[in-house]
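Presented sequentially are two complexes of chain A, the first with chain B as partner and the second with chain C.
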Partner chain A sequence: MNLFIKPYVLFILLLIVLAVGGQRLAPNDPYQTHIDQRLLPPSAAFLFGTDELGRCMFSRLICSVRVSLGLAASILVICLVTGACIGMIAGYFGGLVDEMLMRVTDTIMALPSFIVAMVLIGTLGAGIGNMIFVFALTGWTRYARLTRSLVLSVKNANHVVTARLTGLGSVYILRRYILPAIARPLIVLGTLGMGMMILMTSSMSFLGLGITEPTPDWGAMMTNGTTYIRTAAHLAIFPGILICLTVLSFNLLGEALKKDNA
Partner chain B sequence: MRKDPIVLDVRQLQVSFTTPEGPVRALAGVSFQVGKGEVFAIAGESGAGKSVICRAIVNRLEPGASVRGDVWFNSRPMLDLGKAALRDLYAKELTVLPQHATALNPLLTIGEHLSETLSAHLPKMKAKAVRDRSIHLLETFGLRDAGRIYRAYPYQLSGGMKQRVLIALAYCCDPVLVVADEPTKALDPVLKETMLETLLEIKSSRRASMVLVTHDLTVAHRLADHVGILYQGRFMEKGATRQVLEQSVHPYTRMLIRAMPENRLAPDLEDNVESSHGHSQDGCPFQNRCRWGRDDAPHPYAARKIDDNHTVWCINAESQQAFQDL
Partner chain C sequence: MAGFFLKRLINAVLVLVGVVTLTFCLMRFTDGDPATIIALDKYGSSLISNTVIDRLAAENGLCDPLPIQYLNWVRRVLAGDLGRSLRSDAPVWDEIMQRFPYTLQLAVLSILLTSAIAIPLGIYAGVHQDSLVDRLTQWIASITVSVPDYYLAIVLIYGLTVKWALLPSYGYGSIAHFVLPLAVLVSARAGYTTRLVTSTTADLMSADYVAYAELRGLPSHRIFFVHILKNALIPIVTHLSLQFLMALEGSVIVESIFAWPGIGKCLTDAVLGRDFTMIQGLVLFMGVLIVGMNVIVDFFYILMDQRVQVAGTRVRS
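So, the complex of A and B:
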């Protein structure tokens, strides 16, 4: 199956281009206010209209891709790497190590992660660094669980047992024998998790606990828009559509990879 | 008697596993020695404990197994060695010849397999030297076009080629002892024949000892110097291959030989009841299948020495021998 002709893949590629290009691709300065051109509907000059300070919505949305997508992606990568390492150690070595790591995982999984994140952000203060820390703190558990079960299914495969009997070290076996064999399901779960991560970070910003003005972010822009939902609905609609399409695309990609994997 | 130095000395090895139905005794006191360059075959039916011996020799038994007895390899106590010491030993001195081509990692090329093992044990070797030696190894074990095979993935090779690669991997660091658990299992007759010839060739060209586990007496007969016939975790008959397989004394050995397809004789169905574990703990484990064992008195499990190179564990050994001589 050629993934590169699917609309959701093209959309994700477009998002990546926008994230890399950032402000350079925007037609107007996203921070430039035009106090005489507030809350304008979409027009030729301002493709998606302007917000309550007269800033170009289209440019702000383009710039927000880097912030929102970058934030979600960095949390996801940290979660995946941490989860994969902990899961591999627990699954491969087993015994007491496994028992201890998995009980920690269970404990964290039992906590309502979003509420924990809200409390921590409330204490530590908003900001990108704190957001990454708080979400990574609880997000790695699902990857650790999946990795552990995948490792258990391959660690007694004939070729892994043979590798142990040729005197290869554990770290080497984990890197060259176990990781390549379990990478695909992990990537699938990671892709599916990307949509969830975007929703979580956007929700946090929507509540005013994440990224704050003037930095453009999908969640923060939606909060902003709710105030004017009766007079200038485009302020909330466009970021909403962008979030929807992004989450949908990542979920569709995840599903496609899952089917490809099976 | 033996002239060669002893490489492997297994003394009174007992292994049992704990199961929900109670303990299962897999090995009930097995002893044998393997000299330098010698091939010792362990033959017997499924469940006799052949693979457990293999795993005990390389100290890879399940954590739950309780082990008694000693395994001395090159005057080192295998069962007491730590993980690091074992890792140092594997491949360099003691290797396992896997029985199936699934022992190759599908995601690594043949070259990567060989060079990772070589460089794990010879860390000072340069990459170029490792490569040359790997290709030379492949050529030595009868793989033509070794340069191409070096770059190939396991799925690109035929079954016979994979078998040769496995042999090359087992012998790549010049081991002292090779443990081969059913190396000819699940091979078609042609492959089996080439495999046997390769192993025979290695036997004559290298001074590596081998513990060969098999249920195929033909393989044992052609390859082994000494044979032990295992039944329910105990040796029934043990000694030089010719004596055990050509002048066998024990009724079980004879039954196995009669059951070979070459002899075109199926074993008596009556004799061929499923062997059951846990039965007679100290007596002869074969009694309930033995035609000499139909009396009520339990037969003891005791050794009878026929000569220096032939021992049989049967109380009727003398009369059996007389019977055979008639």
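So, the complex of A and C:
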């Protein structure tokens, strides 16, 4: 199956282009306020209208891709790497280490991660750094679980046993023989997790606890949109559609990769 | 069986001890000295003399050594005293008790509605694979899990309140007030749960013992009720505790948007207002709720699944 002709893949590619291009691709300055042109509906000059300070919504949306997608992607990468390392250690070495690591994983998995993140942000304070920290703190567990079970299934394969018998070090075996064998399913789960991460981070910003004005971010733009829902609905509609399409695309890609993998 | 349950119960008590310890630590993780934060909230100015801060620290027992502070905290928790809100000065416990029924109403109704939609649909789609219902639920589920709660809420408010003025968009009162929050809470979770029930049922359909039952010539309704439905219910009941977690999480956003007077809104306000005692109390309360819910689900699980009962006897001996 050729993935590159699927609409969701094309949409993700477009998002990546927008994230890399950022402000250079925007027709107007996303921070430039036009106080005489507030809350305008979509027009030729401002494709998606203007917000409450007269800033171009289209430009702000383009710039928000880098902020919101970048934040979700960086948290996801941290979770994937941490989870893979912990899962590999637990699965490969087994015994007491495995028991302890999995007990911690189970405990964290039983917690409502969004509420935990909220509470931690409430005590540590808002900000991008804290946001990455609190979501990574609870996010790695599902990858650790998967990695552990995958490692268990390949650890007694002939080539791994042979490598161990020749006296190669554990770290080398994990990196050279086990990681390549388990990478694909991990990436599939990561793709499926991307949508959820976008939903969680943007929800946090929506509540005013993540990225805040004037930085263009999906959640923060939605908060604005809620305030002006009665007078200028386009403020909420356009960012919302963008978020939905992004999450949907990542979910569909994940499902497609999962089917491909099986 | 009793052994397994006892083991889970001991585990639950250990987790509760962990929750109490964690909430104690929360106050110490904050950026800044707790006494200064209390002083700031009390007097609202950053120009507070050190004597005032020291007096407040002494009053709140913050000068004691940490182990003593910890013991005091445990003693107060056991007595049901969670302190006073830094914002409203009301006792935290009373505030939570006053607000919790509202969240519980939403959570229970949303779980009931979700189950009423998802279980029949999911089982039907699982039994009739690749039918219209199966493909339709798959599509609807993909879309609903991709829509953020807040966006669905805003679209519904825009359509049903701003455009047509059919339903109230905020507050608590008549039955009409329930419609929008419930619609948001149910939509994403119903899609997700339907797919879960479908895949569970589909797995059971291809199980060996179902094929054997067919070979024995059992009537299909008997196979369905005894062999499939009974076994499909186990993961569905286990899923209930997850649903409860999701309802609790969902309540944060939904209650904030619809100004629902429950603990989700309370948590958002506390976090935004940096009301640390309130956050502490809410975390403790939710922790106990979740642990309690898990114990109840474990109990049902044991009652329904023979294999756990067998494993339980092994644990005991």
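One rule holds for everything that comes next: the second predicted complex is superposed on the first by the 262 of 262 C-alpha atoms of A that agree within 3 Å, B and C clash if a C-alpha of one lies under 4 Å from a C-alpha of the other, contacts with A are read in each partner's own complex, and residues count from 1 in each chain.
The rule is short, and it goes like this: a contact is a pair of C-beta atoms (placed from the backbone, for glycine too) under 8 Å apart; a residue touches a chain by one contact, two chains touch by 3 or more.
These numbers were taken from a predicted model, which means no experiment stands behind them.
Participant: Once both complexes are superposed via chain A, do chain B and chain C end up clashing or fitting?
Facilitator: fit
Participant: Examine A:233 and indicate which partner it touches, taking first as chain B and second as chain C; both and neither are also allowed.
Facilitator: After superposing on A, A:233 lies in contact with chain C but is clear of chain B.
Participant: Classify the contacts of A:123 with the two partner chains as first (chain B alone), second (chain C alone), both, or neither.
Facilitator: After superposing on A, A:123 lies in contact with chain C but is clear of chain B.
Participant: Tell me which partner touches more residues of chain A in the superposed arrangement, chain B or chain C.
Facilitator: Between chain B and chain C, the winner on chain A residue contacts is C.
Participant: For A:167, is the partner it touches chain B (first), chain C (second), both, or none of the two (neither)?
Facilitator: first
Participant: Between chain B and chain C, whom does A:206 touch in the aligned arrangement: first, second, both, or neither?
Facilitator: second
Participant: After lining up the shared chain so the two structures overlap, which partner does A:22 touch, if you call chain B first and chain C second: first, second, both or neither?
Facilitator: neither
Participant: Is A:181 touching the first partner chain B, the second partner chain C, both, or neither of them?
Facilitator: Once the two structures are laid over each other on A, A:181 reaches chain B alone.
Participant: Contact-wise, after the overlay, does A:70 reach chain B, chain C, both or neither (first, second, both, neither)?
Facilitator: So A:70 meets neither chain B nor chain C here.
Participant: Compute the least Cα distance separating chain B from chain C in the superposition and give it as a whole number of Å.
Facilitator: 11
Participant: Share the list of chain A residues that count as touching for chain B in one structure and for chain C in the other.
Facilitator: On chain A, no residue contacts both chain B in one structure and chain C in the other.
Participant: Which bits of chain B are touching chain A when the two form their complex?
Facilitator: Against chain A, chain B makes touches at 58, 60, 86-92, 95-96, 98, 100, 102-108, 116-117, 120-121, 169.
Participant: Residues of chain A touching chain B in their complex?
Facilitator: Checking each residue of chain A against chain B gives 157-169, 172, 176-177, 180-181.
Participant: Touching residues of chain C toward chain A in the complex: what are they?
Facilitator: That would be residues 15, 18, 26-27, 29-31, 142-143, 145-151, 154-155, 157-158, 162, 245, 248-249, 252-253, 256-257, 267-268, 270-272, 274, 276, 279, 282-283, 286, 290, 294 of chain C.
Participant: Could you please specify the touching residues of chain A with respect to chain C in the complex?
Facilitator: 107, 110-115, 118-125, 195, 199, 202-203, 206-209, 219, 222, 225-226, 229-230, 233, 236-237, 240, 243-244, 247-248, 251-252, 255
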